[in-house]
Amino acid sequence: MTVRFGLLGAGRIGKVHAKAVSGDANATLVAVADAFPQAAEAIASAYGCEVRTIEAIEAAKDIDAVVICTPTDTHADLIERFARAGKAIFCEKPIDLDVARVKACIEVVEETGAKLMVGFNRRFDPHFMAVRKVIDDGKIGDVEMVTITSRDPGAPPVDYIKRSGGIFRDMTIHDFDMARFLLGEEPVSVLATAAVLVDKAIGEAGDYDSVSVILQTASGKQAVISNSRRATYGYDQRIEVHGAKGMAAAENQRPVSIEVANGDGYTRPPLHDFFMTRYTEAYANEIAAFIAAIEKGTKISPSGADGLAALALADAAVQSVKEGKLIKVG
Amino acid sequence: MTVRFGLLGAGRIGKVHAKAVSGDANATLVAVADAFPQAAEAIASAYGCEVRTIEAIEAAKDIDAVVICTPTDTHADLIERFARAGKAIFCEKPIDLDVARVKACIEVVEETGAKLMVGFNRRFDPHFMAVRKVIDDGKIGDVEMVTITSRDPGAPPVDYIKRSGGIFRDMTIHDFDMARFLLGEEPVSVLATAAVLVDKAIGEAGDYDSVSVILQTASGKQAVISNSRRATYGYDQRIEVHGAKGMAAAENQRPVSIEVANGDGYTRPPLHDFFMTRYTEAYANEIAAFIAAIEKGTKISPSGADGLAALALADAAVQSVKEGKLIKVG
Amino acid sequence: MTVRFGLLGAGRIGKVHAKAVSGDANATLVAVADAFPQAAEAIASAYGCEVRTIEAIEAAKDIDAVVICTPTDTHADLIERFARAGKAIFCEKPIDLDVARVKACIEVVEETGAKLMVGFNRRFDPHFMAVRKVIDDGKIGDVEMVTITSRDPGAPPVDYIKRSGGIFRDMTIHDFDMARFLLGEEPVSVLATAAVLVDKAIGEAGDYDSVSVILQTASGKQAVISNSRRATYGYDQRIEVHGAKGMAAAENQRPVSIEVANGDGYTRPPLHDFFMTRYTEAYANEIAAFIAAIEKGTKISPSGADGLAALALADAAVQSVKEGKLIKVG
Amino acid sequence: MTVRFGLLGAGRIGKVHAKAVSGDANATLVAVADAFPQAAEAIASAYGCEVRTIEAIEAAKDIDAVVICTPTDTHADLIERFARAGKAIFCEKPIDLDVARVKACIEVVEETGAKLMVGFNRRFDPHFMAVRKVIDDGKIGDVEMVTITSRDPGAPPVDYIKRSGGIFRDMTIHDFDMARFLLGEEPVSVLATAAVLVDKAIGEAGDYDSVSVILQTASGKQAVISNSRRATYGYDQRIEVHGAKGMAAAENQRPVSIEVANGDGYTRPPLHDFFMTRYTEAYANEIAAFIAAIEKGTKISPSGADGLAALALADAAVQSVKEGKLIKVG
């Protein structure tokens, strides 16, 4: 069986998914839609698919699944429409910035029985998957403490910041999901600190650029997240899991792994410059997992519920910073 | 000039300092005192010094400085006595488990004009000193986020736990000092979580074995501390400083740095098994700095005020865990 | 312009190139030929191309270039035929195991003005290319000593060994090419030792499985090559270049870079299991360079002359082992 | 029992041994002799020992053992004198630059039954010892290929070069000994190349500064040695042992192991600047082993025979370069 895809949104991340779908032996990219015809046509010509309207894709008989890469504020509506149209749905995170809206959307998904996967791509990074496997294989015993370091090479434009829902809902949300993925137990409390150290304009927009978070589960397992909108040495993405019997860590990735030595010391090149190159394999694996779940009719993960849980942690972090106290969740 | 030393306390850490003093070209170990004569005699015979009573050392004309390695509850009293006796004082951390008592003790030190150095040995670790130097040299710009990971290979006996003042005052206190050393700005708030994951008996004794802490300074700089009383792979001691222009980190140390590869992968040996071997150079450098400060009449660091500041952070962490909120300090 | 390809040989390495050609935006795979129709059809169906005979590809107007992946003893003949047919030719190493035959073949290529690239894929590995760039940028000064370590995870079947021309012509030949690539000056002498340490059957077939070689150039630059047909920890592929101003090295690659720590130490997974996964990017880059050279009409490298030079070094190594002396080349 | 030492030679390496002897709980430094009274007095005053003549040390009843750190051309004579005087002897390498003289000296040692240890300090480096232990524990199976990289930060003065016996007898000799230590089987053949790449004056003095050597044993085990008199990044000292079941390596050592990351990449500091700091522990362990062998009456290693074997390999390397052929040894 080949899964036939429609792509909604032909921007930066849309291109990533167009390539992943086209390169997968079990999928075909049938059509692409975008408010900007040129963007849609660029993808259509590169991958040999049609340009259609969203409505046409919704009504199409030759399309089994859609990938939603449109702006965030359209996600929930599109998910509902395509769930009702009987398509399998892959949606970039987040479903929405508002918890109530996300819940309503998930209800529609459940009523229709639609398949929905949320784009937490990092779960599909081969290195992070290998850490998860080390845990599953019992090699480090019960998980006790998770450490996630996630720093962007630079801050996005303030315009983006304003629409983003803030650092916790835009950036840390990936780490909240990763913490849940690694802890294997739901966090029940959130402690967070936040500051503006990188760019005053971010503060003036009501957001932060440097945050630290502690999550704790009912049994006392802890996850610590460290985020910054600045890292001169590249896209810093590390995870570490400390357990009763040992420790497992995934280190940073760089495009070339060479070392040059001289009187200044031994130097290895900077890391990948951002998520597009760092998570190339993760994006391909993610779409492959979505396709496999459709083909085999198996459960989809990460689901809408995972998207909701991460958003709830982000909301709690915002509240913890404001109120200077531990916020209970779940 | 040679600084002539008396050693108070001939236990495990006393031996470390006896060796450091004896091995230092600018110092002589003149006498040792201990409640257990055998312990004192062992040191006396190994290093060719006399066994004396504390009173005799206090009154001695041939002793310029003392190293206090007796049980914690005697530290403050001894500091006061030897300050009044005109000796320079090196005291193992902590001065006392009670902030008020520490303050009173420091007052006496100030009145007498005595020199007092507190044993935060990690400031003298060559690797951590090199990170501090990188900061001082401006190589990573303004410090933004500090990460300290500190895990003991195993938990101490519960009897020790009971007398220790709890994990924050006994173990994390080193990391509070390290955070202050690296941040270069005083923390003004403390957020802490704590759990019992390693040994239930520790919980029954009213303490924790796994804790996470976030400190924040007035300008928003953050330090995250992760502690566990368990680490199967050795004594885990890492610091990382993230700044506006770059990042500096000191990695773990192991006694032998070899690598063995086979079908299971590439394996390097475990880390040092505990602080005695991990911080050998730090202990020697620490005493050398104390001796140098006496000889040159320069300011001593870390001082009693540093001991007090770290203890205040520990107290705030205890309170943060109990009350589930951010605690202001300073 | 799109370069239209015919593929000769649909075996293991043929599949690698079929994928590389198909995945390249500037190329199309038009047809494939193989003595085993099933092998050809498998590629034809996977990449949507035709199955044709070699003769048909030779005569085809819709084919600009061929990739030769047939058995070694057919390479020289096919190169000559396709040179005369006016096609651009990419040929897997070696052109032939006999220097005289290689020379005759290169003469035909020169007479016809055909473009010929020889498959020394490692020159296109991104890590090795980065080392070459470090040299070109003058960062390590004049090259003085090159060290190449190349060990296969396991020995090939003895049947293969017998047809291979021996370890120097089959395996070390890649390292001879890499040495030339890195030295930037032709070797003028070869010293080699060889032994059978891995598998006696290899010795009985008249070959060796463990060899060490020293090359030296006229100015005294040296390259040391270490080969083994055994490596329990994966496919060991390292290069190091020591120069007047510094050193540059490319380290081994592994599919996942995680680390697991426990009482046995810190363990990273084994390396890639062989060249197909280790050099995935190199194969894609190699074909892309071939395509680019055709499109732009630029000089092709590595050329037939490079193939000949590496083979001459291999022959000299065989002679050095037999005669126990330094053999002059070039 | 305490072993009472006389030190012959109070130069750079004499100081290293004076410190090692003084710091060893089972030894006392009784006296020091040097042609330059000031040098001897400096050591005498630092370590609280007497200055005596060589004759006085030879005749002394209160001295059990001597450490010979005088110029190379006095070694053999002094060994013979002190062997006849019934002292245990530790002699810095080499015994002599002439094989015949070394053999004659060893005969005297054997006749007198004196204990003689030769200063191949690297055998006592904790990291190299750990590699040897990995071999002894059978973890990598039968040794097949040894790789030794040894590069000095800079060339010694040409005056020194002239007296040194040449790079093979002065510098590579340590690697010849290390190869024997790691191979566990005697080399039977030597292939060597040599060039002048660092300093023309070295060539004018009749020596080389960049050499590569291959040793092979009767069973085919190989050791490759790479030496240079130049390394901008510090004192480069690496060993690697490849065996039937795996590989073991000791990596380079640096005084501080930190990492600084910025837009230029991740940089670790240069290595130790030379052997005095790199091999501090090795020198202490070496003297401790000498003392232990005296106390326990056990066999001493490395012995005079080890010194002779390494020198024979050096002579063979010189001959191999001159004659351009493989030289048989042993």
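Read from first to last, the chains carry the letters A, B, C and D; within each, the first residue is number 1.
Keep this in mind: a contact is a pair of C-beta atoms (placed from the backbone, for glycine too) under 8 Å apart; a residue touches a chain by one contact, two chains touch by 3 or more.
Bear in mind the structure is a predicted one, so any value in this text is a computation, not a measurement.
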Measuring between Cα centroids, which chain is at the maximum distance from chain C? B
Hey, which pair has more contacts between C-betas, C-D or A-D? C-D
Based only on mean CA positions, could you tell me how far chain A sits from chain D in angstrom? 57
Distance between chain centroids, defined by C-alpha means - chain C, chain D (Å): 41
Which residues belonging to chain D are in contact with no fewer than two other chains? 232-233, 245-247, 261-263, 269
Can you tell me which positions in chain B touch chain C when the two form their complex? 232-233, 261-270
Please name which positions on chain A make contact with chain C in the complex. 23, 25, 46, 126-127, 130-131, 134, 139-140, 245-251, 253, 255-263, 269
Complex contacts: residues of chain A adjacent to chain B: 142, 144-145, 147, 149, 151, 189, 191, 193, 195-198, 210-212, 214, 216, 219-222, 224, 226, 228, 230-233, 236, 242, 244-247, 324-326
